[in-house]
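Look at the two complexes coming up: subunit A is in both, with subunit B in one and subunit C in the other.
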Partner chain A sequence: MQHPPLASQHSLDVLARRARLVGSSLVGPALLLVVAINILPAIYGFYLSLHEVFFFGNEGFAGLKNYTELLRDSFAWQAIGRSLLFTFASLAIAVPLALLAAMGVRRLGRWGSVLLTVLLVPWAMSPIVVALLWKWILVPSPGGLVGAIFTAFGMPPQDLLTDPVLAMPTLIIVAVWRNFAFATIILIGGLGQIPRDLYKAASVDGLDAWESFCKITLPLLAPSLLIVISMLTISYFNEVQLIIGLTGGGPIRQTSTLAYSLYHTGFVELNQGKGNAIAVIMFLINMGLIAVYIRILGKQAGAAA
Partner chain B sequence: MKSKTFDRRTVLRACAAGLAFAGLPRLASSQALSGTVRIWTFLGADGQSPREVVLREIIERFTRNHPDVDVVVEAQPFQELEVKFVAASAQNRAPDVIWMRDTFLGLVQQRGALANLDDLLSAEFKTNVLPDLYPVFAEKSVFDGKRSSLPLWPSPAQAIFYRKDALAELGLEAPPLTWDEFIPVAGRLTKGDRLGFGLPTNDNSVSAFINILSGFGPSIFDATTGQFDVAGAEAKEVGNVVRQLVANGALSSTLLNAMGDDIQDQFASGRFAIVQAFAPRFQQYKQIAAAYDGNDLAVSAWPGFGDRPPAVLLGPYWTVGVSAKSANPALATAFVESLYSREASMSWAKTAGLVPDRMSALKDPYFGTPEAADIHNFTELLSAPGVMTFPQRMPDITKVFPVMNTALQELIGTDESVDAILDRAKSTLGW
Partner chain C sequence: MKILSRTLLLLACLLAAIVALGPILWAVSTSFKSTNRIFAVPPEIVPQIPTTQHYSKLAAEGVQWAFLNSTGYAVLAVLIALILGSIAGYALTRYPVAGKPAILLVFLGAMAVPGFAVLLPTQMLATGLGLYNTWAILPIIYAGHILPFAVWVTRSHFATIPRELEQAAEIDGYSRAEAVWKIVLPGAKPALLAAATFGFLHCWNDYVTGSTMVDSPNLRTLQVALIFFQGFHGRDWGALMAGVVIATIPPVLIFLLFRKFLIGGFADGSIKG
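The block that comes next holds the complex of A and B.
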């Protein structure tokens, strides 16, 4: 075996080094930006979570006090429970709805695109605007759309946002309404990648529509579904603007999720040390959920390949 | 005795020096009154609400008198004003003038973010205007002998608004002023879709619980700690009042986390006969009345307990200060002073229906006209025997209202014992 001359090897190394240098210098500014706006604030947030910080005044090192207080606080555990309830109940409605919408949009052709555009409007709107809009729709007095519907059926207006039993389901419905269209778009893309020949073959083999859906559509759509589930999980788990605008965490803490607790502790009670501790806990839970999804997604993607 | 003669040159020099000395303050004043004043308030510069219209008028008047001055209003959400101001002050980018709630004044002052107005207010203002402000408000801004701010829009803050037409159905002109009598009346006012009484129970800066508690008088606040007894006998009595209001249908057990704005909107659409409302919004309430005639709107004090006088808790109310880091504190102070001119007081009253900041303005013939009758009602509340303010430094001010509102929601919406609810609130506050 003949080895290349050393001089040529050196030239290749120089070229490779230059290429790396160019690559690094191109990525560098973006990396700096990520460090400046994501990593440094996150580190500073963790630093603050170890301090007593009230009304923007650092009152000294507190060690793990903020964390231990949270872990001992039954309201914090209830907030975690509500976050998970809100997240998974919203997912349970949004994902099937998005899948149905995606299939419907594909079937409708050009009109489907129009429908999709309409469905996307809430997603494009600011969450706080959506909250205000729904507040007016749900207002339980003359002038409220939903109140008028109840009245038309001879029923009294319902306090959908202020009743301890009804507030969380109402919030979930509004959250789903706001962003299931985003999931629909991703699923439309996934559906478009499934070869039509497979459905023709299934038809020849005598599979009905439901069997085709279960044996072709769902397995091949799994990677897209898992992307949708991952993104919606993060979105719902961290949802706070809708809660602030619609229920303010009430009634009787029934919609006070962990994300809302973070807002309330940090920005209403102005206990920024404890607020940052909640943020760190939320970050860890988010990371945990993402890790689970990446694990499942990796397996599914491998299976699909 | 040695006589001294003055030559012509000396006399001329003395005259020139005298003239120069006399001109100094004017010169200094004109030099100070140029530049830009940045104001943080919840009012928008282009808004159409009555108070926004008046603020615009005041700014126009001020800039007309001082052509080299530019006034910039940077509107902020009202509940974020104090926090943002303290943060901005720490970063040396605070506005020159800041609107704050009196309940936060102690915290903002503690952070050293406010200028000492004693050093800045003009002698004319100190002599003529300060003594003309309502003392109960004006004195609360003085910390350790230093004036940190000036109160704006004297009013009872959270008052009772009611519909005269609804009360007339029961043959009454106004709600009763003791809880024993108020409770059955509020219950009887519930009719069809209309509720007798509406309370905002989810605001972060007011709590109806404390307003009801104020029916026991100023002694509810401990003079030393600024706390009230969250689980004491008086608080339990408040709990019982709330439970009775729910039991007789005056309060809805499912209307639990409405905010002030929600109550305002629903009152306009006819859902309530009586509500807790922010008093400076009286004109706004009148304007948006949809289900009743706006002229049927009236204001009342909160009922008292037993033979105590009706309660008027003055706060949270607005107060205006100058940033300790203002680059032009003289200009900022001049603008603040303009908010309290006689013309400004009349504008706040005539356009926004507010009690004038200057007591002497009430002598104006306008206040004898029927148009000013509402203002008279508010003025009477201010001089009522049950008048009180929040303590100057109330501990846990950022927590106390949300905690007491959650307790109130539990009192309204659950069957849990009053004692257990109040004990939990006390434990949450750590009092």
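The block that comes next holds the complex of A and C.
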């Protein structure tokens, strides 16, 4: 702010206070909306999780009853197990694929950005639309795309989405198909930060491509991998729209993850107290996983830096 | 050896591109086949006798109104988020703001909250406030989801624009607001476009918020309308794939137009997947 050269201390204070007032009132509206939409419901949800709430009616304080009921319910534990299976299996496929794609894109040069764009198209689509699309791809008929592949191998077309064993792997493949490429972008950035000289020095030292990948690329990529794995974990652990669209948690609850059971308990059964308890548990598991990553990969990132 | 690895790389990339685009192109092809040709064996890759009957059927069911709803909600939410977000982002780089570190933490923390986890209490709050099932509820919620990113990306871009540029404009007789409008905002165009693109995709591609915050058929989003359509005509794959195509064109088009800014925003870590 400009002020007269001989301003008294008092008028400087007034100016500073005015600037602070202007600044705060400019930030105010955005802050208010963000708190109202993201923070306030989270606090209210925690409050509701300690109450018996059915069909929008609060029937009183229940302490930890919703939580103890969940912990005693074997379905809830199975849902946690399915969530972890879905999350880690998707990660185990998506991260190596994203890394391969990132190295491919970098090596392709001019065509690399075309490939990246193509791979990102499914990510730009809505999960529920992706679910509709894949239901048609997977339709168990010789006229369907996957059905035709079964027929070509001399097998009758299988309905992968209603098969208790194959439904979950199918869901995982569709989830990876939709969004692995967004991780590629961050890994491309990470690969670009590794000095080329290191690879030259490694080949002088007689390291082959695989050794220099293990000894140079992976450790130096740790910070980017940490970001990618954390983001994908949150994204897969909270995935619900694909499951609603593809399997509806079935068959016989085989794809009913924690996120899906939150949806079902809260919005279908309208047991909002219990639904919020599931949300709080999900939040804690999310935070726990991220904390573990930061411990493991953060240490490596620190060592590499 | 070099030629061999180059060929393998190209083949792998071609395969990846086919896996990414194949299912989408198959949906496009299906949407133009007459109903009795959809299950033809062997499958017809390109429709022999193309028809637009499935698109007409969607129009007859009024799906275009849901398309307009989705567009309206998304545009409104993006506008709210960009206006409030760039004002806040500007103030956070140029003014002293009481409690600035705490405020930055709120914006950062809000990005980490998965919107789905707080949907249930949001629905109850919206019902209590009389906003449930109104035209305003979805733009407000979506704007709240996009705002933290809008603040974050604009703030980091405004910080790179020297204050002297604005002061020079003010000496030339512009008001401060005019200086911001003419000098600062154009400089932050990549940040604004990244936030707008991410925001549009977020709103347009949402299903759970749309299906839990509004109930009336005339307020439905396109995603919700397609799921209802599926409920009534479960095996009408031609019409369903026509729905997939029209629901995919806007976000993919926006993505293709603005991918440069979106990928830039990703790369500096300011956008989540």
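The definition used in the following text is that the second predicted complex is superposed on the first by the 268 of 305 C-alpha atoms of A that agree within 3 Å, B and C clash if a C-alpha of one lies under 4 Å from a C-alpha of the other, contacts with A are read in each partner's own complex, and residues count from 1 in each chain.
Just so it is clear, a contact is a pair of C-beta atoms (placed from the backbone, for glycine too) under 8 Å apart; a residue touches a chain by one contact, two chains touch by 3 or more.
Because the structure is a prediction, the values reported are computed rather than measured.
Peer 1: Following superposition onto subunit A, is the placement of subunit B relative to subunit C best described as a clash or a fit?
Peer 2: clash
Peer 1: Once the shared chain is lined up, is A:P223 touching subunit B (first), subunit C (second), both, or neither of them?
Peer 2: neither
Peer 1: Per the contact definition in the header, classify A:G57: touching subunit B only (first), subunit C only (second), both, or neither.
Peer 2: First partner only.
Peer 1: Go through the superposed model and pick first if A:A30 touches only subunit B, second if only subunit C, both, or neither.
Peer 2: second
Peer 1: Kindly classify A:S141 by the partners it touches after superposition: subunit B alone (first), subunit C alone (second), both, or neither?
Peer 2: A:S141: touches subunit B and subunit C.
Peer 1: Applying the document's definition of touch, where does A:W123 land relative to subunit B and subunit C: first, second, both, or neither?
Peer 2: The answer is second: A:W123 touches subunit C but not subunit B.
Peer 1: Going by the contact rule stated at the top, is it subunit B or subunit C that touches a larger number of residues on subunit A?
Peer 2: Touching more of subunit A: C.
Peer 1: Pick one for A:F267: touches subunit B only (first), subunit C only (second), both, or neither.
Peer 2: Touch status of A:F267: both partners.
Peer 1: What part of subunit A is shared between its subunit B contacts and its subunit C contacts?
Peer 2: Correct list for subunit A: 56, 139, 141-143, 267.
Peer 1: Spell out the part of subunit B that touches subunit A in their complex, as residue ranges.
Peer 2: The touching residues are 79-80, 83, 86-87, 90, 107, 111, 193, 201-202, 204, 252, 254-259, 262, 265-266, 269-271, 290-291, 398-399, 402, 406, 409-410, 413-414.
Peer 1: Touching subunit B in the complex: which residues of subunit A?
Peer 2: 55-57, 135, 139-143, 156-159, 161-164, 166-167, 247-253, 264, 267-271
Peer 1: What part of subunit A is in contact with subunit C in the complex they form?
Peer 2: 16, 19-20, 22-24, 26-27, 29-31, 33-42, 44-45, 48, 53, 56, 100-101, 104, 107-108, 111, 115-129, 132-134, 136-137, 139, 141-145, 148, 151, 177, 179, 181-183, 185-186, 188-189, 227, 231-232, 234-235, 238, 240-241, 244-245, 259, 262-263, 266-267, 272, 275-276, 279, 282-283, 286
Peer 1: Can you tell me which positions in subunit C touch subunit A when the two form their complex?
Peer 2: Its residues touching subunit A are 9, 12-13, 16-17, 19-24, 26-27, 30, 38-43, 80, 84-85, 87-88, 90-92, 94-98, 103, 106-107, 109-110, 112-125, 127, 140-141, 143-145, 147-148, 150-151, 201, 204-208, 212, 223, 226-227, 230, 237, 240-241, 243-244, 247-248, 251-252, 254-256, 259, 263, 266-267, 269, 272-273.
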